[in-house]
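Have a look at the structure below before the remarks.
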């Protein structure tokens, strides 16, 4: 068995690079790491009892992306199995950031940071982070610190 | 745990629809079902002892797509868990077809067919299917027939 | 100047293959031709006085995809300029099909067919094609026939 | 006529948001801005007498992405026409950065920065920027400064 995203837990997972993630240079096409981040994010959210579906159905404040960045440190190819790990979280009043690492064996392949902000979709204005999300961020933070 | 592609076996799997698969109409953006098909195909290939990586490294004849088609029978949304099943295979001399179904609960959501053909990448001409691939197609066919 | 989709008219256009359209095999990743089809479709719709935006804002019946197919006849690579042409249209009561060809120089690279069906998005049931859409299909058909 | 990327010149262009760029939240799916950046980059490269094709064919040192970032300041939707502008370039010994802005009318929608580095693809090590690329970066810089 070889799923694309192999579940270990919400904070550490294996990701397999497939043809749709690559380009003619033979390596990951750079924005596709954010497609993978979105999948990891949605799984992380679900592990905390939330979902993008609930956000879209306005049962929970949606949190669109306000900023993203990635550093590419080693090329990755079709069939590569990357270890993806949530390395850090940071919560502000209305926004929060997740930091992910992607390792290929012993080598860091990529670092990714994505900041999302809670909004009132009708008004388009920022709102406080929902309590359930704030708690899950704090618990994730505690779990990350407990690793070492 | 909630991977995107949840392994059950090489011929029947669960697929989760994520935000990258959707568009502003709120449903799957139609070509993304083929991105998912490619993932299923690569897993199926690996279950048979092959890989796209081996094809790209010319250890095995690559099999580019020569034809694809899809029928969309019911809309699917973010968070939907689809049951994906290999419904049939067909092997010619140099080409082969995989037929997949995607069900949402009791309802058929999509049917997908993809035909690939073995080529000599230097000459660009078609070649006989590699023996390992032909055998895996026959075994898959037998497993599908044994289901009922 | 070298836009991705170079306007000539709504029925014949040039499309440039870019890195995001390709995969590690060095050629177009097969579903991406439908991403390009969607762009061509949206331009064709706008040439007829309609838009996907109007469909999403419920000013016009949306027409989700019910079926698509593509035949891949020659590989295309980054930088290739394809001549895209609307080759035929077919209108039913509630559904319609557009057939596109993609040529690389003298050679046919791909044939694509996409069928869309008008729906009432609240009820999820099919409805008659909007009159403006039916007329644009007929005019497109007339223009295609006048080519020869 | 309404191409996706409407040519004005290599440094200022219009980009139309299409369904493939969006997600179920009704707005641009965040990584897709980098797909558009890649298209703009390839056009910019071609305006300077280079191409990704030449890089892939090893006629010119390829310049894979080493870092990217984006700030999302206003939501964009299907049919939105964005003014894309090269706002700045920065050239190091072996790497260079392009900074793009995307405006929707009077409003800044997104800022994007992408850093690429020239490599020797056989050795995987960084090399000096090719002279033709360095010159085009300097000329682009001069044109940007001349705007005001």
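Chains: A, B, C and D, in written order; residue numbering restarts at 1 for each.
Heads up, the rule we're going with is that contacts are C-beta pairs under 8 Å (C-beta built on N, C-alpha and C of every residue); 3 or more make two chains touch, one makes a residue touch a chain.
Keep in mind that what you see is a predicted model, and the values were worked out from it rather than measured.
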| item | value |
| --- | --- |
| Pair of chains joined by more contacts [C-beta pairs], A-D or A-C | A-D |
| Centroid comparison with chain B (C-alpha atoms), farthest chain | D |
| Distance from the mean Cα position of chain D to that of chain C, given in whole angstrom | 26 |
| Centre-to-centre distance between chain D and chain A (centres being mean Cα positions), rounded to whole Å | 24 |
| Between chain A and chain C, centroid-to-centroid distance (C-alpha), Å | 34 |
| Shared interface positions of chain C, touching two or more other chains | 19-20, 24-27, 29, 31, 35, 38, 52, 56, 77-78 |
| Chain A partner contacts - residues on chain B that touch it in the complex | 1-10, 13, 18-20, 26, 35, 38-39, 42-43, 46-47, 51-53, 56, 77-79 |
| Parts of chain A lying in touch with chain C, wherever the complex brings them together | 19-20, 22-27, 29, 31, 77-78 |
| Footprint of chain A on chain D - complex, ascending | 24-25, 27, 29-32, 34-35, 38, 52, 55-56, 62, 64-72, 75, 114, 124 |
